[in-house]
Amino acid sequence: MPQQISFIGLGKMGEPIARNLLKAGYDLRVYNRSTEKAEALVAEGAQRAEVPFEAVEPGGVVFTMLSNDVAVKEVVAGEHGFLHRLGHEGVHVSLSTISPETSRELARLHAEYGSQYVASPVFGRPDAAAARKLWLCVSGPEEAKARVRPFLEAIGQGSFDYGEDSGAANVVKLCGNFMIASAQEAMAEALTLAEKNGLQREQVMDMFAQTLFACGIYQNYGKMIAQQRYEPVGFQMELALKDLNLALDTADQVRVPMPLASLMHNRLLTGVAKGRGGMDWTALAKGVAEDAGLDKEQE
Amino acid sequence: MPQQISFIGLGKMGEPIARNLLKAGYDLRVYNRSTEKAEALVAEGAQRAEVPFEAVEPGGVVFTMLSNDVAVKEVVAGEHGFLHRLGHEGVHVSLSTISPETSRELARLHAEYGSQYVASPVFGRPDAAAARKLWLCVSGPEEAKARVRPFLEAIGQGSFDYGEDSGAANVVKLCGNFMIASAQEAMAEALTLAEKNGLQREQVMDMFAQTLFACGIYQNYGKMIAQQRYEPVGFQMELALKDLNLALDTADQVRVPMPLASLMHNRLLTGVAKGRGGMDWTALAKGVAEDAGLDKEQE
Amino acid sequence: MPQQISFIGLGKMGEPIARNLLKAGYDLRVYNRSTEKAEALVAEGAQRAEVPFEAVEPGGVVFTMLSNDVAVKEVVAGEHGFLHRLGHEGVHVSLSTISPETSRELARLHAEYGSQYVASPVFGRPDAAAARKLWLCVSGPEEAKARVRPFLEAIGQGSFDYGEDSGAANVVKLCGNFMIASAQEAMAEALTLAEKNGLQREQVMDMFAQTLFACGIYQNYGKMIAQQRYEPVGFQMELALKDLNLALDTADQVRVPMPLASLMHNRLLTGVAKGRGGMDWTALAKGVAEDAGLDKEQE
Amino acid sequence: MPQQISFIGLGKMGEPIARNLLKAGYDLRVYNRSTEKAEALVAEGAQRAEVPFEAVEPGGVVFTMLSNDVAVKEVVAGEHGFLHRLGHEGVHVSLSTISPETSRELARLHAEYGSQYVASPVFGRPDAAAARKLWLCVSGPEEAKARVRPFLEAIGQGSFDYGEDSGAANVVKLCGNFMIASAQEAMAEALTLAEKNGLQREQVMDMFAQTLFACGIYQNYGKMIAQQRYEPVGFQMELALKDLNLALDTADQVRVPMPLASLMHNRLLTGVAKGRGGMDWTALAKGVAEDAGLDKEQE
């Protein structure tokens, strides 16, 4: 009989990840706040729960992939949360991008109930999730990490272990999203400078993407920014803003000034204030162009 | 009889590039302000000129690799400059990182004397220069570019053509140095955040260098910044500051606000103000650490 | 019989304000977490309560002057909070610099218990508090504001009414502290530029303080920054950092990018990271000097 | 017979200043590139010169008020410049906002010809110039400053002496314009935060202008920014941008990072890129509003 596991949160990222667990042969029980998002997976064999705690088996393994700290706390410890049901020997694998502080708090909470919390935020956009090409950062109790390793192998191309501090993996994830945003800003400013000097944005970007910056972030985001096509929406600007806020809050707590993170925060906040919160975060490049007096007609 | 070419400026970058031209079988005449830097090349077969114009053959090809706009203008049109001697059908290949404006001005000046100017700034540190691993950005008159192509192949692993505007290649070069500096800042801020959260800088950097940012800039500079070892000095901080100033000046002329370039300018200027102008530019990461209350003992 | 009022929080600002209420002839009941701070006032006629709720009379007026949002919430609604005791017709005058959001939340909470909440943050340093020279920003229910007006007249030189939204006065207070911090940065950068050009900092500042900027903030803070004497400690840097964070959080909620506030946040955070959290906030000018390679010997 | 003096540059500032010299009883000879600007003054008794050197008497006193460094150098040492004519014992009073470096260079140049150079940049808008309410910063040789004092008294309400370094007064002027720009940014950000919290911009500004910031800059510019009326055009945004560039260049030379000046540079550059170079510099507040998603309809 296949092993049963649970998955909560079937958004852009959650759904393809859950599907890979299903494809790997696990008996999957899923929960999502808006039920229609579960339908495709149910058609493929998953069972649907009505509330979070129903999705979870005592002593089992539950994955969550939600949009922010509050949502994760709610499914764990809210009215219909699974905390008391997961109970002894259960493991919660938290894939969401949340603050290290929330992870540490959740780890303590699980410990009180005899269960374990593993932070395992992921890098990759929805297409990478579908293709099992995610990279995972993992931290939490050794035993729990060992137990969930086969599941993680089913959803990503590799994982990196940052020890037992449950917040550690979240720190790395926030570092990464900050670095990606910064790379986008650098490309956007450079290409706008080139454009206003009469060069072709794509011709400039192509060179960098083949030479100094021959890596995924610069190649993929670089192409979108060079072409000024901010689609498909892989990661919404308002979520990127949330992540920059998490990074800045975390930095504040340990007293690390991050002026570049502040700059990116303001760039994204400007985009959201202008009504672009639902656009892909590469659309931060629109702000760079606008400040240079370009791009108005493209709204 | 081997073709004769000239090379002016035998600094950290100029010397290995000139050597590769010598190795490629060209008859090389060199000039450097401080003569002892020419000695090794002379021992390997180059001839040394006493002043710039002596190094140049009428109608020949001359390379320059100097530290700033003023120095290039001086060897071209200063008291002992080669401009009038290079004369009809000569080509000047300008490898230095200078402003697009200066390149355009020099192009006009050469045209007045019947010679041609090709901008060909390079990407790569001294070890890459020695290993013929430089990337070149080229712009200028088609005919001149065609003529110098074999030489460029002798010194780099590839070149990118940005058309006939002699300033274009310089714009791309300034974009590149700005992007590299920005990537360093992003890494330094991220790793400082990680460090003050109890993580190992190298363990965090390794992950990014293997996954999202698996490219030279992040791998090589990332290692230096993670280890906080700012050696060897491949590119001095004061030269990096100069380049950021060139980028900002160029951006001003075409009205492109570049807040990230301003941030990098201030980061580098702080380093130079603190006496680090001669250190490798990766030492900008020291400023990030200091602002977080770290790194004092390492001075 | 004199009217009885209550005062909670006898720090640098609270104590002189409470004293002015005592001097104005009110029967004052006070509470402070560390009891020794109440001693001077008790010697002058105040009564000391052991816990917050003991300090408060049902239907009375209670002032609070505390260091942050959490502390205010605690004395209102914590274990020994006064909320249930203040009860029907009571008024809470909140002098602290807290977030508009917290004020709005507290206003709702008081309304549930039949009491009223008036936000009344103050501008002025401890010496201004002692001299009844504070400026007050007031917002909240009209009736409550009318009732407490005589008290406010006893502690300040004037008040400004921002309507019934209890958060409004806090917004103005956050705006003010941000503007003061920004003025300090501007002075610090300007005077450092002047100094490194061979001018006398004080001679430059004097001119501005007599002409364009002939107002308290530039005259008083300007003198401290020109002389590089960051004493007495009127307002601690770590509290200033807290206020900038409140401003930025408030700005985030309504989608207002404030790059200058971000810059000031980072400047103050750098100071706190370097161990200057307990110094006067004018010491942010040390950071400006350090970045210019000055000031090391003065640590 | 009245003393003859010369005045070159009759723009928004130059004309009212020249008029005050005329009113003070001096025999005024004027020059302006576009001759129609001289007509009013000629009607009031001034004589008009065809080229700069014609305006100047050997050994006399000449004022210049021009828009940038290049223009000042041109009237001094260009084809029709007055340098050789001013000659022995002449004094040049330079009222323009130019770089300290240019002032020092001009001082050397004058010394070579036996004349003297006094830097005397002014603070005040056109209406202040007309009303003799300018503030002047003066530096240069003592003897020359003594000689021109009566003239300066005829055009301003007071002057401040910064010694013999001819560049010193220019440093102070650049500091001042930077500080004014910064104050505008602070007001614009604060008022936008207040506005999006439901407050009235003017009600907030009025309080600050009466209390903490009861000085001209905050009262006058504050009113314009609160009302979002950026008229009349007292000082064009493109000139403000020029001045910020001068400040940043000067800061670079002496190694002073000025992040707030960089921020103001970018704010002004954005305005100019958007086509607002001819608007009053208070219109930088439009950029703050736009970044918050406001103000689009007001274009």
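Chains here go by letter, A, B, C and D, matching the order in which they are written, and residues are numbered from 1 within each.
Criterion: a contact is a pair of C-beta atoms (placed from the backbone, for glycine too) under 8 Å apart; a residue touches a chain by one contact, two chains touch by 3 or more.
Molecules present, by chain and UniProt name: A, B, C, D = 3-hydroxyisobutyrate dehydrogenase.
In this text, all values refer to a predicted model and were calculated from it rather than measured experimentally.
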- Query: Which listed pair, B-C, A-B or A-C, shares over half of the residue-numbered contact pairs seen at B-D?
  - Reply: A-C
- Between A-C and A-D, the pair with more C-beta contacts: A-C
- Per the centroid of Cα atoms for each chain, what is the distance between chain A and chain D, given in Å? 52
- Item | Chain centre separation (chain C, chain D; CA means) in Å | 38
- Message: Can you work out the whole-Å distance between the CA centroids of chain A and chain C?
- Response: 39
- Note on the structure: Going by residue number, chain A touches two or more other chains at 255-259, 263, 266, 270, 273, 291-293
- Query: Hey, how would you classify the chain contact layout here, line, ring, star, complete or other?
  - Reply: complete
- chain D - residues contacting chain B, complex: 245, 252, 255-259, 262-263, 265-266, 269-270, 272-273
- Message: Give the list of chain A residues in touch with chain D in this complex.
- Response: 259, 266, 270, 273-275, 291-293
- Query: Inside the complex, what are the residues of chain C that reach chain D?
  - Reply: 100, 123, 135, 137, 158, 160, 162-163, 165, 167-168, 171-172, 174-176, 178-180, 182-183, 185-187, 189-194, 196-199, 203-204, 207-208, 211-218, 247, 250-251, 254-261, 263, 291-293
